[in-house]
Amino acid sequence: MSSSSRSPILQVEDLLKTYRTDRSLIKRSSVKLTAVNRISLEIERGEFFGLVGASGSGKTTLGRLILKLEPFDAGSIRFNDLQIHGLKGSKLKAFRRQIQLIPQDPYQSLNPYLSVFDTIAEPLIIHRMGNPGERKVRARDALEAAGLSPADDFFPRYPHQLSGGQRQRAAIARAMVLKPEFVVADEPTSMLDASISFTIFKLLSEIQKQKKVTFLFITHDLAAARFLCNRIAVINQGEIVESGPTLDIIENPQTEYTKSLIQAQPSFSFAQKAAAAT
Amino acid sequence: MSLQKLIIRRSLEILVIFFVILSGLFLLFHLAPGDPVSRMVDPTMTPEDAELLVSQLGLDQPLWLQYVYYVKNFFTGNFGVSFHYGRPVVEVIGERLPNTILLFTSSVILSALAGIFWGKMVAWHKGKPVDTWVTIISLVCHTLFLPWIALLFIWIFAYKIGGFPLNGMISPELWMDPDSGIFLKTLDIMHHMLLPLLTLFIIHVGSYLLIMRSSMLETLSEDYILTARAKGLNEKQIRNRHAGPNASLPVVTSVGLSLAFSINGGALTETVFTWPGIGRELIFAVSNNDYPLALASFLFISIVVLIANLVVDVLYAFLDPRIRY
Amino acid sequence: MTLLQVNNLSIAYQTRTGTALAVDDVSFALDKGKSLGIVGESGCGKTTIGMGLLRLLPDNALIKQGAVLFKGSDILEFSTAALQDLRWKKISMIFQAAMNAWNPVQRVGDQIIEAIRIHDPGISRDKAKLEVEKLYEMVDIPTNRIFDYPHEYSGGMKQRAIIAMALSCRPDLIIADEPSTALDVIVQDQIIKKIKAIQKKFNIAIIFISHDIGVVADVCHDIMVMYKGRIVETGKREEVFVEPVHPYTKSLLSSYLTLDGVLEFQNESAPKSCLTSTDQAPGTCGFLPNCPQAEPSCASEAPQWQAISETHKALCRFCK
Amino acid sequence: MSKETRSQKSYTWQRFLEGWSLFYENLVGRIGLILLLVFGLMAVCSYIPPLIDPMYHPMTGVDPDVFRSTPPSAAHWLGTDNIGRDLLSQLLTGARIAFLVGISAAFMSIVFGTLIGMIAGYAGRLTDSLLMRFADMIMVMPSLLVVLLLSSLFGQLNIWIIVLLIALFRWPGISRVIRAQTLSLKERPFIDTARVAGASNLRIIFRHILPNVLPMALLYMTFRVTSAIIVEAALAFLGFGDPNTVSWGMMLQWVWKTGHMFQAPYWLLPPGICISLITLAFYMIGRAMEEVLDPRLRKEEQKV
């Protein structure tokens, strides 16, 4: 792994996370499930990093650990050279301001009882940023940057009045309104049609280029990672199988797992052959 | 094998719950205003008898020792002497308990089976007039005020029409007659049981029917019903092989959850029909400040509910393979 | 030989607010042993067609017109008994894995045996069990797992068992509705390969319904692209996916990501319509609001079928 | 589609209007509502008879000309009880007590149940296990019999204590439902995004979870009204009611204990019918609400 002169924005070292499978009050079962098994990785500032794996590979758990949504058992996560383990109070709040989440499944990612404006403005209220007027301006900017304009048309709407793609844009606006340095996007389009997810991907890559945000893109779809990411890590059964520049891995996979992943990808080989012929 | 494990685990849990109830009652008896000793000892007893009882029950000991005595006495069946009957409480309970179990279990089982059967039929005719009317009738049944409907039944069937006994569980003259065999005696009990059973049945069957109906409707929208239909099963096969068994699982759950509620109703029914059961004994004892009897009746009612709960849980695990793992 | 011929099929759903047309005047034909892919995004009516063929639609669906001719006789006219006889024995289905297609409280093997014996009560249980064993070997599930409960199976295994059940009566046609959706890529690949192999081995016709054009392109000889209840383009897979003519097909292909990047077809960047859709006459092209090559007359005139080759046609007024 | 063009009102209000129209289509719901209005009217009218003549006071008013239970007459539309009190005015007052007991006990049990359910579901782990075991324990207790026992130990209970006890015994069912809902809400991504945005636990519980579980809580409140009225009536019937108020259960106790049940149907029938019908009214409303809140309907709404 190349160590650049600047320190990476995120360093994960030797991270371990296990779950108990049986949670009975009476007997403590010893059956443990290792979701994240001694993972180490570094993400450079401003890069679009992809984490590719099948369901149950531990990729979502890793994302949740980085977001400090769950505690881990061993290892360390350093964000901007700051140990996130045991963060409390104002330091935790500062950390929360810098790292945001774009969740899976737009149909469930917005609270149905909050309007689009209330949803986007909530992080600003939590962090006591600006007065109501300024909040409105920031929310408007965020929403329009996410491609829902004019923002004032969308502010009073409720999630059930938006299409799936629009909801995901609102969720992106909500994540970006705090101007975070780091965004975890956890399969942001797995529930959307291909044409809509394509536009969401384009939006994400635009945001990354314009705002210099670092993205951790979690996906099961190698092709999507190929489209978005400059570096990827392939994760299987809680372990990183392989990582490096995206194209290197796809063109020259080193491990059996990555190879089978690439082979399983539906291909248009017949189409390409025909296209090349014409 | 794993079913055994489940039974053991649930039994342990139930034992813990029972201990909490046991201890809670002890606390209540000492927290309540007035003297705990006078509550447990009949004021009309001779002083010598009273003293003997006090030492038997450990009421002259410090509080913690009293508790030890209390628990020990429970497990040795020593609950003191009923003020009203002047007999050991354990004897009274022993006579009453089977009657309660007979009425309670038969009413719960009958109404659950009928509810499952009718609910299945009604769901099949969703939207038709029969559905609407059965739903409304079930709602009415479910919300009828039990003591009132019991009084009404006595008034109509036993008084106006006749042919049913007004109260009790047996006809004494029949039981006195040495010629009447076991068959006649059984018939006599059933004759007496009919009205109380009908009362409890009507109160319970409505809610089970409604639960079965909505559970059936939910099940019918499941994907595996579509599979069954695509497989070429006819509607009756779908209903009886796939939808029915799966839809009755929530009814089993709700039987378990409503057991405590059923025993309330059981006690009221026993009281109105003067059915010699433990619930009626509790209400009677409470009304007459016969505390030793009240305490023991309550404990045994709790035991009945807890064991019935265990049975329902085991039945559920037996029916649903996803519970056993 | 034509196995299935669908003529002018229209299916509507009744909702609280009115009726919504889910399938609009759809016609197609399928030969014995061929595979047909229906592609489209969610809500385009592709599943409704699949369910409509076996008359498995929910109560609020209404077949408004059309005919479904299976070996020459119209399924829509069948009596209930004839329909039940047809289901699974002649036409079976492979359901989406995410769907709970297995009854959770019955053993998987029993459910397959049920399918066999319902159509041939003469087969004894033991004989049916032997049959299930053969099927399990075919789909690579260990035979000692036959009498497990569905929750003891993994997602891929459940799906392979569904395939085994679909084959249990040796049908002429299998309708596969999103059979690999919600499975991991590697498992998905195994399922697709299995379906392809079985189709070849038994010469079964397949209707393959999916939103994933990559998967459909992998399995099917013929492709139908659906949009808002209508077929907009149909033809051989090489025609539809290599030289798409309908603007919707083009936009669908241009947003499909592969390991080599985006497919080559898109020359238009972000598809933008030059027209506002406010006054669009009923019956006109549904894709109009998003169509980059629309002309004003598209808002008033219904689209026409254009034949590009003998097998390749598109429902658009302006495609070459 | 039409949903997007509809005017932008708050989600709660919109759901209410949508629910209302569904509710109103429902025959069961309409019957329930009409019944409830009748009982409401009865409760309001209960203040009138004592104003006309003090002998119509439900507890203390005694018709000086009547010495035994009399059938309906011009002076006493529903007749009198055995000491000459007017049955109609007792019946009207009973409606007031039923509403008071039913609604206040149900409200309290909803508050307990919702709070405990949300806390158990959200906190998880040990808190959850302990709270739910506690709830299980209360659920296996026959509430009526426990209250009986208490009232014999602690003496005559006043109506508010009875209300409180009913509430204390009726929350576990609600909290189980609310906990299950909270558990599924907790898995929803919007809770994660709120936490990632730095929202405190209190904020998440009250701003994000509470509005989502409130409809279910209100639904259960209608069912709890029913059970509270029944428990109070049963207590009164057994002679453990508040002796300072007249309730329907008490009227039944009087007709039963004085041995008039075979002679005075005009006395036996009305209170029983009223108890049954008022519980039926609330239950029917609850059923209709349940159909409105049916998860399958909500799924349809989510798909747009």
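Per-chain numbering from 1; labels A, B, C and D assigned in written order.
In the analysis below, a contact is a pair of C-beta atoms (placed from the backbone, for glycine too) under 8 Å apart; a residue touches a chain by one contact, two chains touch by 3 or more.
Note that the structure is a prediction, hence the values are computed from the model and not measured.
*Asks:* Which chain's centre, taken as the mean of its Cα atoms, is farthest from the centre of chain D?
*Replies:* C
*Asks:* Which chain pair is joined by more contacting C-beta pairs, A-C or B-D?
*Replies:* Output for the comparison: B-D.
*Asks:* If I average the C-alpha coordinates per chain and also across every protein chain shown, which chain's average lies closest to the global one?
*Replies:* If we average C-alpha coordinates per chain, D lands closest to the whole-structure average.
*Asks:* Once you find the CA centre of chain B and the CA centre of chain D, what distance in Å lies between them?
*Replies:* Chain centroid spacing, chain B to chain D, equals 24 Å.
*Asks:* Could you put a whole-Å number on the gap between the CA centroids of chain C and chain D?
*Replies:* Here the centre of chain D sits 51 Å away from the centre of chain C.
*Asks:* Centroid of chain A to centroid of chain B, CA atoms only: how many Å?
*Replies:* Chain centres of chain A and chain B, defined by C-alpha means, are spaced 55 Å apart.
*Asks:* Between chain A and chain C, tell me the centre distance in angstrom, where each centre is the average of that chain's C-alpha atoms.
*Replies:* 33
*Asks:* Mind pulling the chain D residues that touch 2 or more other chains?
*Replies:* Chain D, residues with two or more chain partners: 133.
*Asks:* Give the residues of chain B touching no fewer than two other chains, as numbers and ranges.
*Replies:* Answer for chain B, listing residues that touch two or more other chains: 13.
*Asks:* Send over the residues of chain C in touch with two or more other chains.
*Replies:* none
*Asks:* What does chain C use to touch chain B in their complex?
*Replies:* 54, 56, 80-81, 84-89, 92-93, 95, 99-106, 111, 114-115, 118-119, 149, 151, 165
*Asks:* Where on chain D does chain B make contact in their complex?
*Replies:* Chain D residues touching chain B: 27-28, 31, 133, 136-137, 139-146, 148-155, 173, 226-227, 230-231, 233-234, 237-239, 249, 252, 256, 261-262, 265, 268-269, 271-272, 275-277, 279-280, 283-284, 287, 296.
*Asks:* Please name which positions on chain A make contact with chain C in the complex.
*Replies:* It comes out as residues 54-55, 193-195, 197-199, 201, 220-224, 226-227, 250, 260-268, 270-272, 274-275, 278.
*Asks:* For the complex, which residues does chain B have touching chain D?
*Replies:* Its residues touching chain D are 13, 17, 20-21, 28-29, 32-33, 132, 135-136, 139-140, 142-149, 151-152, 154-155, 159, 210, 218, 221, 257, 259-261, 263-264, 267-268, 271-272, 279, 282-283, 286-287, 289, 291, 294, 298, 301-302, 305-306, 309.
*Asks:* What does chain C use to touch chain A in their complex?
*Replies:* Within the complex, chain C contacts chain A at residues 41-42, 184-186, 188-190, 192, 211-215, 217-218, 237-238, 241-243, 251-252, 254-264, 270.
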